[in-house]
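As written, the chain order gives the labels A, B, C and D, with residue 1 at the start of each chain.
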């Protein structure tokens, strides 16, 4: 066993609550595990379900006090907002259509927010929430998990430092197979709400995974989108939203992007893969093999950077937990998003300034940009694949 | 060593000539080696260079008779056309702008043609040549090498037989790095003519490798293009043609395609990679690892088919030469294209009908389609990435 | 996001203590995180260091009560043993030479044990501890992490069910690079104690990673070793123990094994890789890419099983936490070892019988076998690579 | 298409004959194709079969003169030996037991030899032939194909130049699946003679592929074997020879080797893989992916060298034929062995001295060493896996 990077555990413990994530839910469990993993925040309250019995059962199983289990998110926001020991933040793990009202309720009661992606349904909603958060000096984190991976953080720094020259082209794909057949009509609950416009919004494939793609490209490159040309497909008959999309992106400054997102790509589980081509080199990263970066340069053999083995930027190294060859995965990336957020929140609450390295989490601007990305792609596609300004 | 598939060698020997491919050229040597490899045709005449001394030297080195070395392709076409033992076909390995006049000259003198890709500069030229070839019952082969790979042939049959259901989406990319810097201004002769509109035509990246991409997708799927939306980029300052392209394709019948071709993708040598997604499965093939197919199905583990090991369709198996695990590569694929062409030509000359299995080579229609693909992509890009009918 | 397998959280909470793992240690932190991850046991007491100030600081940071922080493991074993709410088990994360006395102290005070591997120094010690544990009906878990991976569990069941026929040959390798240079003389503390016979025992490479290799092979195949022939090398001059070993294994019943373990294999991080060849098929698993199994059969294309995507045995599926394509890694495997152990311990304490599926953790027999493996390999090597009975 | 390395074609044409390789044989066809590929030697005579009708038919198909087709190798050796235009060398592609008498016959008639591996049955035979060849100044090439790969040649030069420091350990494996079942009793002719001691010699797995392994390791590292410890297994019931072997090798100077060869490794086609660990770096090469080298160094990211892309030693570069990303495979490697041999033979016949770079083919010493390797491994195994001097 080689000497690991020093594990860092924040001393300042925060408390939090959760809306959604009751018995039978998946993602709420993920959030709770990763909170426990680093011990950065303690879950103390919740409105886990519209069914209060479910909330009570979940709360009991988790060892929460009965008095901090609430019948609805509205009550929870109001009641927690009144407490002197109110939660530092709430975690929102409901279907998409509830993100807006719940976020608003908690922000208005002075409570910061961690919200699943995509953030809300419209740019207008996003702007409204941004205004409230800014006025109240509250933080909002939209859990784009993948920028929590240490090698994503490493790639970001390499690119920012000009190691591959000027970025010319970004090829990004996020392809899955789980909607290859009409599972939403065969009892798959996840599929049912994710393909239902009322619960999921304007788009399925762009909304669910296109936003992840937009986020990670933006995170890695810092490029700003100027215009998009999108073609959304619905391959499964009777499906109410798209399940596949091809997107051309023009970035400000001349770089170009090409994205493919799919929920019908048979044989692909959660295949997010990014290739960034610069004038002097290129970087490739794949979420399913997240501990490595393929880095190529002109006139030199291509290299494979291994997390934990090879020299990394300190801002990336700090998020690497175990030695090289001991695989880190999805949970650790997720925990890293929380670590960044909790560290920033603790500093913010202490009145400290938050620098870029500390604020290394997907914030409300990232969330809002994702919402606009959905809107613009859907608009372009409806216009027959026309180019639309971003 | 396991028992190999039986090597097949055509008995009927053909003769051929070559235009281009003199001392210092590369691709002419490849053509000559693969002709010798299978012994299907004997090179007997040539006009290898505009410099007759070069032609004479090349001819001498290759052991050709002095009387069948010609000062120009015009003379060669006329003189060979007159001979009772005239060559069965000519191989054209010149820069692109000469493909049209040379092909025309030989066809008009009753000689079949093997021509490098892309075929000619305009659809009008292609149509004219097609008319001549049909009238004279001559064959034209445009050497799209990659459909010569046994696993490409296997994938084609699997798809045609419905093994992956209806094709929904095709992701194709052909990315290289060799034009990442302005090498055409630094003495690279290949780069100089390939980025010169006069010698190479309307496009560099689409013309050189976009056509390969179009061809292999068409070969594998049998899909016909309905419309395209293309964005051609020139990333290297001062370059006169594009060096990167993003192309959305709508196929007749509802399938979709997304292509990326690049000559500035640092770290990529000759990275042609095709993923074909169907309603029941998907197939992935990569030219740089050509002896394998990744085949996925719904509800079953993904599989890796190995050439020479796993059961293949007879039409594909026939092109596999050595047992599994003994890699076959570029030369063998190239030789397979010739094998198909020579077999078809011998049959054609013998007055036999050529069925689809025998005619398994890229013919004049494939060449013409490539020309149209270049035209349409350039047109779309000039219109700002508008959709244009194919 | 596809529907995940149901996360299972034990209801019965256990309590535990820890010996070792104070400030600056690595593996103690890993143990604590994975305990928190599943919430299976709560850490309530500790003797984290020989330096009591360190113990106090660590305990304070972890929020433990001052009264359950102890000056030494001896005191801790005695005092905890007297309490009505004594810890259910102790976690031992010290250098190897302390495993024996600490395990003995806690067992004698009626407390079950989780101990790092390798277990103890001699088979005699192992036998003594086994006797005590059996008499007291206490459980001992030796943390061979890698059998916690779901795909290792899947492979085990496939083999047990005859899916690859009779096992003929096992190729196993565990290769690392971290001792390629004399880092033990350059300030690397891990290296210092791991190459010190007094602290680490008879062997470095066989002791540290050879035992992991022996364990995972035994876990996967159920084969019992009959004899070994080992060659231990010390490639770094001045090193006091071996840093590389080649081991031939004869199993009872005729199967054969060949193991390579190395701490000087430049370019390899933590590269544990197992290939099991049977009469009808073969299975390959690699710790650095743990979410997949390569499974081959005669006369069928090779397959890649993906955790979370493909059908698994229920006993393996139960340890898979997130959907396919969301990588699980080292921490999750480690947590799975604890999950198995805590579930078994809870049942054992409740007087229930523990069946094989529940007892799916590396127990004291596994630990003892590892000790014998070290002894026999060292003996064989000292005899010049002679075969010795196991 | 990037600028390729200059193809080199020898001017001096040689002539050759062949013994074995009649209708229905496989490897004779491979030899003939690769001879044609580079045009280095012309096949002019043959005794292709014990059945003279087969010889006549094969000769006719290949266009050979009737007068140079012989009823037996004995007649051929004598008759060719008398001619003023006698063949420069003979190619022997018969089962192993005939290698010795045929080689002897041709050497004694003043004709150089290319012989399939393994060379002969006994070291005594090898010594006798070596003596004759030396006296007559004739060359013998034993076709160990794999050192013909450019990346093997590159690895050899890197190691010789100290790029990975002192070689410490070599892990080599050559595993196949084709004898997993008793195919020799089910009509597989290759299997029948390869598992028949009379035709194949002392060993099947060590003889057929163990010798390849020994050769490539020796070629790459230049290490000399001091002693071996081998365990030969016969896993398929009723088989008369071994089908799997584990071999420990001690090299002079302290380096160590560990080899696994198998003909029952289900899922593996022709999987020859070599890893060479040095004090400063390591190199990995796999025959099934032959265009790349994985090269690792201490304290630097691992690299992937790509044939045709990355800078190579001139002696290796000279054998690379097509640009990077255009795969070269088995045939090209085989042709390279002939290229080296024919170049050396032409120089030898011209009375020139042959330097190491030119003599880069597996010669009679390599062949003899392979024979001794079989003998020693079989001896060790018969002694129960004892160590025996080499």
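Just so we're on the same page, a contact is a pair of C-beta atoms (placed from the backbone, for glycine too) under 8 Å apart; a residue touches a chain by one contact, two chains touch by 3 or more.
Note that this is a predicted model, so its numbers are computed, not measured.
Trainee: Specify the chain most distant from subunit C by Cα centroid.
Mentor: Centroid comparison gives B as the farthest chain from subunit C.
Trainee: Give, as an integer number of Å, the spacing between the C-alpha centres of subunit C and subunit B.
Mentor: 55
Trainee: Between subunit B and subunit D, what distance separates the C-alpha centroids? Give it in angstrom.
Mentor: 34
Trainee: Where the centres are mean C-alpha positions, what is the separation of subunit C from subunit D, in Å?
Mentor: 44
Trainee: Two or more other chains touching the same residue: where does that happen in subunit C?
Mentor: 268, 295, 302, 306
Trainee: Please classify the inter-chain touch graph. Allowed labels: line, ring, star, complete, other.
Mentor: complete
Trainee: Note which residues of subunit B are touching subunit D in the complex, please.
Mentor: Per the touch definition, subunit B meets subunit D at residues 1-4, 7, 9, 11, 26-27, 29-30, 33, 36-39, 61, 176, 178, 188-190, 194, 208, 268-271, 287-291, 306, 308-309, 321-332.
Trainee: Quick check on the complex: what are the subunit B residues that touch subunit C?
Mentor: 295, 300-306, 310
Trainee: Can you list the subunit A residues touching subunit B in their complex?
Mentor: Interface residues on subunit A, with respect to subunit B: 164, 168-169, 171, 173, 177, 180-181, 229, 231, 233, 235, 244, 246, 248, 250, 256, 258, 260, 262, 264-268, 275, 277-282, 284, 294-298, 302, 384-385, 387.
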